[in-house]
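The structure is given below, and queries will be raised subsequently.
Letters A, B, C and D mark the chains in the order given here, with residues in each chain numbered from 1 onward.
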């Protein structure tokens, strides 16, 4: 799968978010968080924010856009003095794309400040909001972060750690939280470990991050992944760990290996680039085709494509050039100009592909619109034959845990079989990786993964989806609905 | 008193806010609110916002700065489709100057959307927050608007009008609220009527605004002032009024007449410019001095100065020119440049004042720093004698209802008698208006006003000021404080 | 005449520019120029710029918009290190409104750097450009500043002072130049003295400015006006003056007194506010009408209106309030909103004017569109009768020396007599000031003024207007035209 | 060689510029130019501009920054109506980095409009400016474009084509000009063909561009390269070609193949990516080392690195990840943060390189500072051995034709031999490509190239370098210098 081919919103998978936490007395943690968020920027480009505590007060700066948009000079960073930081980059899934949803959210409650940054999606978020509202809660955002804040504030436990633990019992779904009080940093990962979260140390302090690349970037040393169902608390007394709940299986989103995570990150000690390359090798084993060259589509399938190239012993070529300067303020082509053949984000290298049998590797196919354009571009640039290899299985089922391809009607893999898809895309050959090949290539225990989008087996029970519709109903009306449902 | 002499923050009174509400099916209310906020901009320049409901959903756009900064092109206005609007401009008093405090605030609670815009200051805000937090409420802002939202959401009354009425019983202090649900516009004014609020009609709909100048600006027709203790509800069934509480007296802030309100606004049917001119006339009656010319200080004392000029039969001259282009992005002079005599916001017209006995009129004196500079400038420009007349009495007591001169130490009128002040300011004569003269000039019943800053008689009982300090304390600690206090 | 009533471009006279020059070793002249330009901002809001020399190099910073837009933080000022500065604010007349025309223009020629800032309009500019182009000159702007730079560069005189003097012989029309080389500041005013220019001193240095208010603002002391036909040179050897040409009469633009100049400026030692007030007095003498109140229209006619008020012994009231927050990014009302009666820049104060016989004073009437709106607003606000007094005579002839009302078709005073105009404007009485009254009120010798727009007597011979059309023609074609013309 | 490792200005070669011209009646050429400039953005990021003629007038829009900064919404594009366009992106070499130097420059001269866009550097620019100034020319920029404009304006030839041809006789050095009059588009390439320039056709019109990737991007079809010493004129009569001068040899900058050009561009029908891959293959033939993996440094050496990988039959790995979100507004790390090991633009993938013998491929080494950091990062990430292969020979001599590594003192290849450099960089092995290998790999005739930076053989005679210093001197003084020199 490819992002940013013609339109960034066209056919790309929207990940949830990236989270970051730093506890490091004596260090300018705001600045460190700023650099760390750069390393997580691929996980969300809609908003960015940093909250910092100096031990008695919490300040937050956030805004819409990239980290570099929100912190365009150091005036905001300079306001964030302290030794504990939480950071967040966001790509909206559940919450809509507005400033109010930008995180970290900072609350005042009876125990003082609470800052919350979140990656994931609660499956019982609707239900929790319903009950909280019934009890008199007010919501200013549509984020799951505001839900956990209400739960903590309403907890019978005075102590924040106990309150978090109690609140976690009520949460169901995918979540990797970084919480901050005026003097504590708390990491909380759901029992299934759906979204990644890792722990590192830096110069006498600790760092929590969605991916290890953020640790590397800020010079922190990787310690280990935060475990599913684990709560880690860091304060001036040190670091401690607690289990919030017992679970029998994991549900780590396998799409993190396929597409989301940065190639230099490691998850469960497995490097993402190498895993993708092995996906490519395995893919080539399963589809041993004859061709002239192999090419990837920048940037998401480059690792897999080199794996294919090496396995097939075919030269790896730069079949497409991605324009690095196409940003968010790009002026869309008019129809007139588009009809002239203007193609900006990706340009196929005619001299490289013309007259050739080209193996083009993609990481995944969602709706198929991007792949169709890729194939057209190659044909137009003179490719003699186009073989499309996909380093993941067909996507057949929607995701309820945070990936934004929820509608089955839009998934080409749900609607069509492989030969139909090949015809739609206009390729001479279409080869997907098998589920077994995928799992084998990644090389980690099968039971730790969620593969629901490929297999339809949902490891986390869905809960309260129907409550979603209740939000728009007013008092009495929804009371009767809820009564009839429960 | 003068605003924007050398530094806008130097010695000016910071008013609370301006609020606006429009219910007008079939009209582009967002755009109308935008123009209405321009007319209220003098009441607050820190942030601006508009929320609009289309009958089922509420959208809000807001930001820091002037109306023209927040809505710098029509892209934001175009997103705000609907027939009910609330708007707000803000100058922070209680809440600090941050984006999160920008209003209107929009909440979701069990009955759907609630938007809140507020002008005023609760005297029991600290206490209410304390009890709300104890019951599990979380706060994302430091505004009084969030307090009323919590009260409404926690009300035992399901119906929003009843809930507002119930909540109002708990509020103590100065408030003019404009509330909006998905289908109702509600105006609520405190029993003392501290801050102004008026009602108008427009093309089949209604408008609520802090001042009548906003009605004029958008072409609405004035109906009447919202009364103290009145709740007005406007929806598709029409307009209705209700009393929330009984009161025996009013406490309208007399400073609205002296300084805050726009000269073309009318309050209780009294025009502000004409009232100020009468203040000037009365001032001149009380201090019948011989001089050559009268001058005001743009813009706040011009009305009073013409009154003085007419009463004394002295020519009214433009003794100071205000630079209209000094905006918020103005680069402050360095010490070197300042020492050369750079004076930007106000320039005295040497040729007009030199060799003259000048009567300069100010609307009020807070700390005295601005007046000192005014007098210095006149002297430096060659004025032979400088007589300062002030169209209000000496400010002797702090305000707890929304005006930002709370610290008695900073009020020159608290610390010094008139002859001492004259000496400090360096004038040849200093004349204040008497309290009796002030009340007579304005010509409305004395019992409707709060004159606490001049007289020290506080019409609204102070309540819970000590809770303010509790906010920073954590759980256990503050429990014991509160126990010991109550 | 009124500026910024409904649309800033609607019916206002566009002045040419403001110029500034500072020679002051040891002082941060860039910062001083920045403050000085603020004081001249009323003379031009389209672009602003400052060039500074440190004795060997000249740097320039400029851009479109207000001084505060171009220098929105001190980063640009900090780049301008040196002891000589030239500054400019611009309202385009001849040259179109584009960045390239922003001044000061900085050139390199055989003698090094030359910076040029200009206020005025050459009447033989077209002819000079033609001949310069024929000799191989290239032009990057449409300003007169580039013309004088070419003349200086092509002069037979090596020495810059001699070259300026020689070049000045070729110029015809209105000009007030401030020129700067790496080590000299030169002021040059045309023989007729059409545009103002004055000289001041500051802390061991000198200042040249369009108006004295710029001197006051930066703490400089006024020395004298630069005389018509005078060239002043300031460098490390001191200050010297030279006459560039002999003239028998002046042609100072009387509109500077009526409208352009700031009230606190003095021209030829006559204060502008006092002159305007005397224009108002004389106007009231010529039209001794019975009424209830007098009002001006902010800001341009306020001085004249107080003069009228005092002469007629009628109270001076604030009949209109100008919204000070309407800036350049203001979103224009849609037709729907406009039809509701939205009026933003000016609001008439109903309570002040209703039922009254109102004398409204304007400084001038150009096309009449603004006055028509003013009168409508007063009527709509309930004024019983509206008497319009204009503190200048009818404008009957176009200006060729820099004021942008060149088209006779658009001047209502050219097309109609007074009673027709009164009818068009919808007033109960219309009274203009007489030419004799105007000259008497200002009180300076008649022969120093240009009154062409009122009288049709053009003191400067028009020259080469037909060349204007040649600019668009190419080589051969225009050769034949020019041959036929000369 | 690598760009943007730690600081974009750190150790990268600054190319001159990218130029573009479109003649296409009936097409929105401004928009097309906008997209074309995106494809040339890698050639210059300091400023961008587009000028368009509608047949009688030329308008230009330009500014500092990226194409997306200058044209951030379509308001500027919409102003550029016409059928002929010239575009330019700029990285300053000779001229300093200021707005005035942004191109295209637009002039008015005796024959009307002339727009000029330029890539290259005249070696006799100083001399030409000197003589032009002596003849009375004024300069507003420090670009070579202004020089050719003066020459054309002063040409004895009336016809612009003849004037360009005559002017070209006086130019010496590297230049690829795109010129535009109101009705003609003219391309002019120097006799040595130092900088690339190609010709394409589009929908009845023609396109001139620095690189073929711009043709591809806007849907134009490649016709051929513009030949050295060729002038191409396109107007409504069609397209015609002329030789401006005879030459015996070429001097095409071989660095275009090594580093500057985009991989999907073709130069003289040779694809740049494939040429770089062959450079990599040849490099691996010359240095047949044993290792575990091969990696490039994104993005500049990726093509060469795959060539090395295939030739050595070693796996090609993603040893470094480049952060795609580090833009121009990036806040530089403080020393404190830097000392923690923050590394943002490039992150080495520890899991990929640790314990490995790593071949890292760079395209060139200029000062060596970037390579040193690259090697350090690999070592720090655990690489067992680091072998650095460079796909070009050592840079030994400065460039006088437009590449910004003019100072021999800064070139590590000038100061040190290979084993010294290896020691400085801290590598276990350092291998450069030989000059012969480089020429063989590219596979085009040796006599068409300039290889001066590698060999010291300068194909274009240097001329007038000493005049450079004269610019700062004033008249008399420089006269005597010039007399003594000539």
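Points worth noting:
Note that in this section contacts are C-beta pairs under 8 Å (C-beta built on N, C-alpha and C of every residue); 3 or more make two chains touch, one makes a residue touch a chain.
Bear in mind that the values here come from a model prediction, so they are computed numbers and not experimental data.
Ranked by separation of Cα centres from chain B, the top chain is D. Chain A and chain D, compared by their mean Cα positions, are separated by 38 Å. Chain centres here are Cα means. That of chain B falls 60 Å from that of chain D.
The mean-CA centres of chain C and chain D are about 47 angstrom from one another, to the nearest whole unit.
Shared contact sites, meaning residues of chain B that touch two or more other chains, are absent. Shown here, the protein chains touch around one cycle, each chain meeting exactly two partners. By the definition of touch given earlier, these chain pairs are in contact: A-B, A-D, B-C, C-D.
Across the complex, chain C is touched by residues 56-57, 60, 100, 105-112, 114, 133-134, 136-140, 146, 149-150, 153-154, 158, 182, 471-476 of chain D.
Per the touch definition, chain B reaches chain C in the complex via residues 27-28, 31-32, 34-35, 38-39, 41-42, 66-69, 71-74, 77, 202-203, 213, 216-219, 262-264, 266, 271, 273-274, 277, 299, 302-303, 306, 309-310, 315-318, 321, 323-327, 329-331, 333-334, 336-337, 340-344, 347-352.
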